[in-house]
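First subunit A sits with subunit B, and in the next complex the same chain sits with subunit C.
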Partner chain A sequence: MDFLIFEAPILMVQATLDGILIGILFALIAYGMALQWGVMNIINIAQGDLVILGGYIAYSMYLAGIHPAWGVIVSPIIMFFVGWGLYKLVINKVVDRDLFISILATFGIAIVFQQLMNFIFGADVVVAQSGYGTTMFFDNIITLPHSTIFSAAISVLYAIVLVIYMKKSKLGRAIRATAQNARAAKILGVDTERVYAATFGINAALCGVAGALIAITFTLHPYVGLPYTVRSFMIVIVAGLGNLPAVAISGMGLGVFEEFADYILGTEFRIGSVFMLLVLILVFRRFKLSRKREYLK
Partner chain B sequence: MKQKDLILYVGLIILGLVAPFIFPGFKVQLTILCVLIVLAMTWNLQGGEMGYNSFGNILFYGLGMYLCASVQVGMFFPLAEWTESGGEKTFVHTTTQFFQGMGVGLLVAAIIPTIVAGLIGYAILGLRGHYFAICTLGLGIAAGEIAGGIEIIGAGQGFTTPPFPKDIVDPEARGEFFYYLSFIMLIATFVFVKWIYGSRFKLILNAIRDNEDKAEAMGIQTMKYKIVGWMVSAFFCGLAGGIMGGLIGYIDSTDVAFDGREMGVFMVLMAILGGKGTLWGPVIGATLFHFLKEGFWTLILGWQYVALGVLIVVIVIYFPEGLMGWLREKYPQRFGEVIDEKDRKAQVELK
Partner chain C sequence: MNKLLKLFITFVSAITLTLIGITTSFAKVEGDTIVLGAAVSLTGKYSSNGVHTQNGYNLAVERLNKMGGVKVGGKSYKFKIIYYDDESNPKRAAQLAERLINQDGVKYMLGPYSSGLTKAIAPVTEKYKIPMVEANGASRSLFTKGYKYLFAVLSPANQYLEVAIDLAVEKNGGKPVKIAQAFEQDAFSQDVRLGILDAAKRTGSEIIIDDKLPKELNDMKATLVKVKAKKPDVLVVSGHTKGALTAIRQIAEMKVDVPMLAMTHCDAAKLSKQHGKNSEYALCASQWHKNLSYKDKFFGGGKKYDKDFTKRFGYAPPYQSAESSAALIVFKDAFERANSFDGDKVRDALKATDMQTFYGNIKFGPGGQNIAKPMILFQVRCKGDKCENKVVAPTKWASDKFYHPIPSWSKRS
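Then we have the complex of A and B:
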């Protein structure tokens, strides 16, 4: 076995760099996941498909001749209403039910989304050309596309804006209150139904931003949503709900892991390694928790 | 009551035995129906009875499929040369070789997944609720992705299972062979599951579903029973996979074997449609689902998956108890339940 990455250690720099920049994007999606999980107590399997849909919005702007980078503004606005509509149609019926019901229901939504995107945009792998250049280091061994820097910067910007919004605005306060205790919030006059809808909308908007960035930096395909869901789920369970720095760090860690897995195991095992990592993390967590498990709390 | 049951069972078995002669054009569909019922019943055993909702039983199904085909080929010919394109043209199974290989292959396809379930069971079944669901979802997809990268079983280009021997000239023989094979499996599964339904094991599984901590406090070694429950599922899923592999004749890693998008969802959906936690629910659910699917799939060509997704959402939101649950609410006397009129009124008022 000869591994390219060990023969040319300089590639490790490349993998780490790529991983960190992608990881920030993953962290943005995971933040949306943590938001809805924390507030509404649902796990949204369709998260990744919302991301891809956001990407296709940017892609169709690119087809229409508008620069796809504007997608990071347009896509969240459209996706907010998609999320709101989705909440009113389906999610409001599963909010206070068993978590498994929400998993299955959103699984159904994911299938519908995948298929509709397949009809509308075709089953080809597409990318929105941003026309941003690439910087090379070390005799052109290390490449750093400007689009990834752009995507990381936009992700950080959106995350900061969202954190400030959640801290300062009235809706943000209502969302946090509902997350802490929905019943008490309702008694104190918070329209929890509207808060839930807004939360799901904000989550979808975050997915829209991430999707638009993915359209620029990577590729889009109707059926690649699920890995994004799994990545964000993984980041959330490692980082915990509502711990933003930890979300960012574990997102970057996941990105770096994926890049190294890509080099060492080969690209065909990349997605497989993500899912295996999910299983390993859950099993590790189970053994860690079982040590301090308490009966009959 | 006993007499009635006996008539029902004998009637169903006779119907099953003569079905391929009544509907000679639908043998493949009937075979798939048997496989679907088996998958739904075994999913129900742990999803409905044990309360561990798994998306990952497709792992055992796909494993069984690959194992059965690999053993069937590998017993007589080099596997690597077979899976390189055109192996099935160079090497031809004789009739005895085919059936021998199939027999041993099915045995392996049932036993290895059971062992795998036992091995990973201790780690995976310690997870509770939605963590278990997501973990098994990941497991199923990871298996598909990894199988798609392994060269010896055909990697991404797929694996052709041994064709039915050409010495048997009767054109109906292939369909009948696979139908009766799957029908025998269905009967074996049903008898086994029915036996479980009458045993203490089922009560323990229910106790785990209702409150695992309390069950443990009562002195039940829950982990042991959970693993056994999962192993039972794995056994029949592997067997079903082996038969399906032979029937389809071609194995692809993500579209046929570890087909989480179709089979993996179907088995959950069928069990829920019929009614989780009942003996007949999955059977009825699978039959109904198969009829719906085959009846309307062609009418809405291209939109099947949209319909499937909508169906999942509708069933999950509006009929989480399934058909049997609905019937039970409507005709409780039929299910041997006595209703206290006062209690019922109090419940309605509470609502």
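Then we have the complex of A and C:
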């Protein structure tokens, strides 16, 4: 336990700012998860590994001498096709099955992806240098690295583009229709197979964007995907499916919660606190649901 | 019928047992070949360092065989290594050690990569009384268990950064310093931490920040904010490659000014390459550096080893490779002094090892750790955009002067 943050309340500003900025990035990953969960009823355990793969795409560009920030454009394009291919190869066989089977299948995909990334990029921890500066406030106590501002801004931008696309475009409407009732959509002439593939592709593309941003702000390693999966799972559980403002708010909430846990409990409990919160939320939601059911009886 | 079957089974098992007996008694030395066993991580999270380890072993085997092999009883023998991939998994490593010993009949072992895997294998080799020379397990706890068949050519983990604290005190005019530290929760980093605690006690220094880092570390802002607020004289970070990379990235981003920064795993993380100028002035603990003046007749010196290794494998050898090569030189020396293939005689010869290799002096302490070789510290220094590791301590091998204190970020271009 460390109470420095209460002795110097200015640090709370830092923690809150950092939490919100990183939370927006979490929300972007969670939005992808919510989208394909809502449409296809699949909980994608490989979500975090798709993120890391996206990061490695940006890292490869950096190695080739291109500024890694361009990864936020290139990476989603490549990842869209990765997602599409993944759907055609594996997911289409589990899409109408039991939730448990899809969890197993995506868990398998996660392992394969980890090993592939390990094989191709090696087990070393890598970083992509953006060369972005830092802004400081209050006598240099509060620091805001431009890389995190950049990552939050890009996340918001992609979220807005996606919302508009879902509302206006033909495919977007088809996706929403399929989410509401797949059978009815099919009867009315929606090619649900294509909708599923596109949804999975869009989710992978969002992961690609997030990965490229993580390559710039944090570090990459083939085996660090799981924390991102857990975070997005939790955000979706709290926010519910298909509610973008709620996803954004719970993403930022999680970010701030993590930062405060980091300062007060110590960095070693950062991920631990996320897992603990997940258990609490699941218990609480179940409790709420069971009460509601009783009430309905 | 039943009787016949029983007889048959007895017969078959008798033959199998005899065969196993024969193969084991010959497998340790087949013809003119001495067979060594090793489980190294070729896949999984340690795969890059596992490959460095394997390359180090292989280069030494090639070199020693070419230079006449091992002379025992007037006859020349060649080394051969049976490798298995332990998948960076301790359980698998222990299984493979059993397999090497029981099925392949190996009588002499080389170590795996990392303290954790060495810890998994050591009880097995100890149980079967198989001498193991290891080059990549530095955790102090390996040497306090009373193992009799374990020998490590490298310095134990608690020595990694002790020197750095002494250096900080020296630069502070002999007065105690304020230490901030952040360590991962694994065996190795915790041992490095124990070393710092000892050094702090010895010098009367105070530890003002003592943070722990998680396994999946990629953000250590909270620690750095504390460093900014409490202004220690030295910041010590040990969390493998991700610790080193995360620390440098965020210290540069948050413009944290600290007079001295000491770390582990800088060369494994390719710090000077990955972070360039941002990593300048970082002080790093290392087992070996090519500029050291140790010599042997197989590899010449460090620079020659560096050249030969680069020619053979296409990249400059990290210290993990150098120490792995040294393990084989130690084995050869022990075999020749024992002049026998008897496990216990070889073990006694290993125990009495006192020699110099290109990697450093090697003499084993009571727990099997190498007590003859000091750790070295290098500092990242840049010329223009090119950054290099320069040895700054101990003074005997220092190629450059230790730069202290680190200039503040506002003065760094």
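As a convention for this text, the second predicted complex is superposed on the first by the 291 of 297 C-alpha atoms of A that agree within 3 Å, B and C clash if a C-alpha of one lies under 4 Å from a C-alpha of the other, contacts with A are read in each partner's own complex, and residues count from 1 in each chain.
As a convention for this text, a residue touches a chain if its C-beta (ideal position, glycine included) is under 8 Å from a C-beta of that chain, and two chains touch if they have at least 3 such contacts.
None of the values given here were measured: they were computed from a predicted structure.
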Review point. Touching A:99, do we find subunit B (first), subunit C (second), both, or neither?
Key: first
Check your understanding: When the two structures are overlaid on chain A, which partner does A:272 contact: first (subunit B), second (subunit C), both, or neither?
Key -> both
Practice item. Check the residue A:126 against both partner chains and state whether it touches subunit B (first), subunit C (second), both, or neither. Key: second
Practice item. In the overlay, answer first, second, both or neither for which of subunit B and subunit C A:286 touches. Key: first
Review point. When the two structures are overlaid on chain A, which partner does A:108 contact: first (subunit B), second (subunit C), both, or neither?
Key: first
Exercise for review: Considering only touches as defined above, state whether A:239 meets subunit B (first), subunit C (second), both or neither.
Suggested key: neither
Exercise for review: Report for A:224: first if it touches subunit B alone, second if subunit C alone, otherwise both or neither.
Suggested key: second
Check your understanding: So, A:147: does it touch subunit B (first), subunit C (second), both, or neither?
Key -> second
Exercise for review: Would you sort A:190 into first (subunit B), second (subunit C), both or neither based on which partner it touches?
Suggested key: neither
**Study point:** Overlap of the subunit B and subunit C footprints on subunit A, listed as residue numbers
**Key:** 115, 119, 226, 266, 268-269, 271-272
Exercise for review: In the complex, go through subunit A and note every residue touching subunit C.
Suggested key: 2, 4, 8, 11, 14-15, 18, 115, 118-119, 122-127, 129, 134, 136, 140-141, 143, 145, 147, 218-219, 221-224, 226-227, 259, 262-263, 266-272
Practice item. Using the touch definition up top, name the residues of subunit A that touch subunit B in the complex. Key: 43, 90, 93-94, 97, 99-101, 103-105, 107-116, 119, 226, 230, 233, 237, 266, 268-269, 271-272, 275-276, 278-279, 282-283, 285-287, 290, 295-296
Point to revise | Residue ranges of subunit B touching subunit A (in the complex, touch as defined) | key: 53, 123-124, 126-127, 129-131, 133-135, 137-139, 141-142, 144-146, 148-149, 155-156, 213-214, 216-217, 261, 265, 268, 272, 302-303, 305-306, 308-313, 316-317, 320
Exercise for review: Write out the stretch or stretches of subunit C touching subunit A in their complex.
Suggested key: 43-49, 88, 182, 185, 211-214, 216-223, 225-226, 228-229, 240-242, 245-246, 249, 253-255, 268-270, 274-276
